[in-house]
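Shared between the two complexes below is subunit A, which has subunit B as its partner in the first and subunit C in the second.
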Partner chain A sequence: MKLSLRFTSLLAPVFALIVAFGLSTLMLYLIGEDPIETFKIMYDYGKSGKSIVSILNRSVPLYISAVAVAVGFKMGLFNIGVESQYLMGSLLSAALGAAVALPSILHISLIIFVAILSSALWAAIAGYLKVKKGVHEVISTIMLNYIGTGIIAYLLANIFFEKVELSTTAPQTDLLPESARIPSLNAFLGIEDLPNLHGFIIGAVLVGILYYWIVWKTSLGFDLRATGSSPMAAKFSGANPGKLTIFAMMISGGFAGLIGIAPLTGYFFKYTTDFPSGLGFAGITVALLGRNHPIGMAFGAILLSFLERSAQILDLYDVPKEIEKIMQAVIVLSVVVAYEVVKRYVTNRQIKEASKVVSNA
Partner chain B sequence: MLKTLKKNYLIFLPIAFIAVIAQVDKYDQLTTSGTFGAAIRLAIPICLAGLGGMFSERSGVVNIGLEGMMIMGTWFGAWAAWMYGPWYGILAGIIGGAMFGLIHAVGTVTFQVDHIVSGVAINILAAGVARFLNVVAYADQPTQSATQSPRIDGEVGDFTLPYLSGGGETPSLFGYLQDLDLPFLSDFAGLLLGATSNLSYISIFALTLIPIAAWTLWSTPFGLQMRSVGELPTGSESLGVNVYLMKYIGVMISGGFAGLAGAYLVLESSGIYREGQTAGRGFIGLASMIFGNYKPLGIFMGSGLFGYADALQLRSDDAVHGLLVLISLILLIISIKQIIEKKYLSASISIMLCLGFLIWFLNSETVPSEFVYFTPHITTLIVLSSASQKLRMPKKVGQPYRKGELN
Partner chain C sequence: MTLAINLSKISKSFPGVKANDDINLKIKEGTIHAIVGENGAGKSTLMKILYGMLKQDSGTIKIFDNEVKFSSPKDAIAKGIGMVHQHFMLADNLSVLESIILGMDKASLKILNKSKYKYEINEITNKYSMPLNTDSMIDELGVGEKQRVEIIKVLFRGAKILILDEPTAVLVPQEVRELFSNLKNLKESGVTIIFISHKLDEVLEIADEISVMRGGRHIDTVDSNSVSKTDLAEMMIGQNLPTPPKREKNPMEKKALVVNNFNAVEENGRKAFSNINFSINQGEIVGIAGVEGNGQRELAEAILGVFQIESGEIFLGENNINELTTRDRREQGLSFIPEDRQSQGLLMDMSLSENVILGKQSSSKYKTKLYNIKFNQASVNSNVVIKNFDVRTPGNETLPLALSGGNQQKFVVGREIENKPSLLIASQPTRGIDIGAQSLIWNKLRDARDEGLGVLLISADLDELIGLSDRIFVIYEGNFVKELDPEDATPEILGSYMTGLKS
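The block that comes next holds the complex of A and B.
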């Protein structure tokens, strides 16, 4: 019974993928492109060694972002503010990281610590507003995204960057010193002929494990999940929903702080105006796709990165690469619906089986 | 009268303060007709989105997807206006939004997906669809770009009240009063002048929708049924109301309003579709709905407030600087109230913040432009955190309903 339940819940994403491919095929057909040819081009480009490294590198921050969103989801909190949380953490840790000189391990740890702390504190505002002022977290986190963007732009241009007269350099923090950079794994894996595979991919795996441990193996995680599925019951079991909400927001924000670590210590080495943005929103997609499951989200992140990377080639063939954005969105929407349908089917069957047992007895 | 004043002092006092601050020359942009005119034009899309949210939530469906439906409104509005003319743009915007409303309804009503999850997915989908359509639809245009439409020609025409505001060739009473520069009277005349001059027909159309929405929901059998579905679906079902159909209609009307809001943004303020031009206004509309306690008049007031903040942001950095004193004064009042209520810890925090804003105000000439940009968003947060607790939302909003279930 347990096994078949697992099996049916695997059906949902498969079903969603089929729907998404079907709809994209239709779309491509409507604009006069050959769908099969297009998918083939994408697949061929996406499976090259270079692409695989790029896909893995992309999926690291994406996965962490999904984990950040999922922590909130587990407690019934919708943290749409991951976007500004991670940018805030990245900026502050980049600025501080460039200002100090430390041995490598300490230096990297300091950057990570500052990123986690500042993102968590920024996220805590939304938690506080929800608990004390009754502002729904969806609205407060979205407003905080805009406010955060403004504050970041101000800090970057006026505090962390010295304007030079007549210079056209875009605002940016100073470069991180060598000791603050996480090395790539290429030498270790013996793939020197490929682009750099960033070392923080190990960090992403650890984040996944940490997420699993916190949410499923600690009493805090139990309280979180209990509050998420039944606030009333959790309250009677002694959980303090107010405190938990702020705490969950901070954990979510803390994970968000780690999103920027890979780009920062791996290939940007500074915070600039074109530091990767939008990862916070993409994380929501991945969390929905992977159903908040640590392994499911890993697949989701890789799938999305694959789509993004392989769509890059389409420009050369005059196919609008924006088809990838639609595929992403359709996958999310159909996966959400498919999970719901499967869940209903499974519940119905359980009820039927239970009543069979009862009537036999 | 005194009682209402006392009860709503957090609304009236800031208004009074603004009128006082505006007497200083540097801050006179706070109350000119130009600012109020801009405020109205900026408030209308927020108000429309808020009304959209109201229809959906009154029928029991939370609609976080308003932003996405608004994005569809901007894209379809711009496209149809570019192809056929502005009024077709309005129509296409409404249809585009309603189509996405339909998707949201299928997700939340038929498949009973979590309302917020579905809404978030709608927003993601809308952004993707708009980007894709934009590339496909304008592929053979010389100005082709993934994030913009070509410029839209064609005027809708506008209307100015004769005699009072100088429509046609008539004299303008309000304009005369504003130019007299009398304290308070001129400010008030500025408000009236801004509200009654150069109103485009689209704005008038949008404004008339407010009473129509109120009348539909509160004075027709259809509206009663719709509201009952959000309050007690089992009860409505037993009285023969088709709950699913009502929810579908509610969410689709909601999408239509949001789409209209998007089309309005394109046709009224920019004359062009630009990616990200909704800039969270769908969510601000949702906030104005919450602030307005799920009622049309309240939504109108709330969106007026946010529109005003937005207008200040666009028109004058100086005026935003004047707002710093306002914040400081409000914090002072709050801290006095807290001292009376013997909440000394919160009071000391408020006083410290109050002094902080005062020092900031005294030591600066302007507010950095990066901060000016988020004036409407921080206004939204502040307003919601001081208003949220007294609200009464539809009882069954956000809860899935399955036909034939027992409460």
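The block that comes next holds the complex of A and C.
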């Protein structure tokens, strides 16, 4: 019985993708493009070696961001502030990383540690406000995003960047030295002919495992999930809601701190005004897509990265590439609906089986 | 005599359950007709069909000899059927008048003609002698008065047939008296009343005819004058009644709980309870009787450590636990059966196997030194609870939301007792569950007491309090106003202390 129910749950994403595919086809058809041709172009471009590396590189921060959001979701907390949390962590770790000289392992560890710590502390503010002042975390994290953006802009322009008269350079931190850069995996994998596959992809895998362990295997994770399932029941079971809220926000923020590590130590090597932004919000989408599951979110991150990458080719064929954004949205909607449908089905099946037991007894 | 309601061959299935199976039921006009049965017997399904909330799979409904087909409660109301739900559907910040007329007019910008409505409502309250001040605010009313508002609301919409779903569940005995006299007045004026209940004494007292349902079937309809309580109960459960084991007081010397001079205030500054002093010995069940909202919930939560006290001392066994968190108190041997199993006692969307951990997730029972949860242990223990407490479930991977209320409750009670506590707080341990589950839980509580468990029992079911407790305290407005020996207590006596009539 259990197996067949698990199997049904797997059907949800498949079903959702078919629906999303169908809707996208319809849309392409309506705007007068040949759907099959368009998909073929996207697929062919997306499956090239270059594209795969690019997709994986994109997926890394996206996945970590999804994990950060999911930690909150599992407890029923909506951390909308992952955006400013990771930018804050990235800026501070970039600035510090450029200012010290250390052996490589220590240097990288220090950067990661500072990123985690500063993002977690920034996130803790929202937790504190919720527990002590009753401010809903959605409101506070959105506001903290604005405040964070302001602080970051100020720090970047006035503290970490020496203005030179008449210079046209955008504000930025100093470049990270070699010892602070995480090497690519190309040599290791024997794919030197392709663009760099960033080494922190291993970090992303570890993040996924750590997330799974904390949330599903530990007693802290049990408290988180119990609170997410029923705050009152969790409280009566001895979970301290206040402490847990602050904890969960800090864990979420801590994961958020890792979002910027790949871009920072892999290809930017500094924090500038065009450091990748928006990943915190994209993470919400991926968490929804992957239903907060470590593997599901990995697929979600890769899928969205694939769409983004393969949409780049559409311009060349005069297909509006905005179609990719619409596809993303359609996929997310279909997934959310499909999961709800399957959840109801599974619940009904369980009720049915439970009532059989009662009537047989 | 005309038939107000004539149901023939009503059947309704839900996935896997036949909720109503070929039901034929005739209800005479101007009578009080009770429908009794255990939870899950199909009473509510039948009433929902009659009130247009559900549609029958087959069968016909005749109201005053006309066949009707309802697609929503609106249709039922138009045919003169009104329903008063067990949980009141009233908004605290409206006046009685506003509550009654709520939803009657189409939304428009016209000014409400309140005085006209007031006049019409007063006509009804006078006609049925159910006095009501139409200007009071709902939150100023007591439970009995709120119920009266609900009844007037239905009558005001022209109901000739009144369905009352467990109307006495929330009332104290004195309020029940008043309700019954109101119902008799209504009957005299020709209103037909369907009275759903599982309290057999009340049913025998108020009803003219009683229909018994069991397992989705209509077992029989009997005249209330020609049937005994035992007969009814046996018809309901389809077997001879389990006789409750004899009560023998046998408290041990050692204290399980001592509470000294407990005081607390609520967030809004209102006093929750004050000067509470009592103790519970091991092997003793101490009951607390009180009308909901008189501080008993806060007291239970204060003992558990989730409600902050202002002053006082609390000892679990020999140890002062004032400074301990809820988690530490549970670790030291405190168990808690919350009043609402679904929102407070269970994680409805997590398996029974995970639910058995709840409350002990941080104890070495389920936690390794590396903070990992012992899921294998949980799986084993959940099966123990399922077996020992007769939880009817396909397995321990089932979600609680798939189980009936009685089985959910058996699981919660089982989990808390199997944790081998020294003190158990049992809040409404058998509320809203069937007789079978109820008697099992009673027996298990008694067995645990006999083995030395101290129990604090909080219940709105006065028979349960009298039957289970070794001592009873009555709480009124946050104070213990009376200590009673259950031998000397009756629901009436308890009720008069609970409502402050006696002190």
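Note that the second predicted complex is superposed on the first by the 361 of 361 C-alpha atoms of A that agree within 3 Å, B and C clash if a C-alpha of one lies under 4 Å from a C-alpha of the other, contacts with A are read in each partner's own complex, and residues count from 1 in each chain.
Convention: a contact is a pair of C-beta atoms (placed from the backbone, for glycine too) under 8 Å apart; a residue touches a chain by one contact, two chains touch by 3 or more.
None of these values were measured; they are calculated from a predicted model.
Within the superposed three-chain model, A:N348 lies in touch with subunit C and out of touch with subunit B [touch as defined at top].
In the overlay built on the shared chain, the residue A:A226 is in contact with subunit C alone; subunit B does not reach it.
Of the two partner chains placed by superposition, only subunit C is touched by A:V357; subunit B is not.
Judged by the touch definition given at the top, the superposed model places A:K235 against subunit C, while subunit B stays out of reach.
Legend: residue contacts after superposition of the two complexes on their common chain; A:L77 is shown touching neither subunit B nor subunit C. Contacts of A:L91 after superposition: neither subunit B nor subunit C is touched. In the superposition on chain A, A:L28 makes contact with neither subunit B nor subunit C. After overlaying the two complexes on the shared chain, residue contacts for A:I41 are found with neither subunit B nor subunit C. More residues of subunit A are touched by B (comparison of subunit B with subunit C). Of the two partner chains placed by the overlay, only subunit C lies in contact with A:T218; subunit B stays clear of it. Against subunit B, the residues of subunit A that register as touching in their complex are 27, 31, 78, 80, 129, 133-136, 138-140, 142-147, 149-151, 153-154, 157-158, 281, 284-285, 288, 320, 322-323, 325-326, 328-330, 332-333, 336-337, 340-341, 344. By the touch criterion stated above, subunit C contacts subunit A in their complex at residues 15-17, 40, 215, 304, 306, 325-331, 336, 338, 340, 343-350, 354, 357-359, 361-362, 366-367, 371-373, 392-395, 397-399, 401-404, 407.
Here subunit B touches subunit A in the complex through residues 64, 103, 107, 111-113, 116-118, 120-122, 124-125, 127-129, 131-132, 134-136, 139, 146, 279-280, 283-284, 286-287, 290, 368, 370-371, 373-374, 377-378, 380-381, 384-386, 388-389, going by the rule given at the top.
Residues 1-2, 217-223, 225-226, 229-230, 232-240, 347-348, 350-359, 361 of subunit A touch subunit C in their complex.
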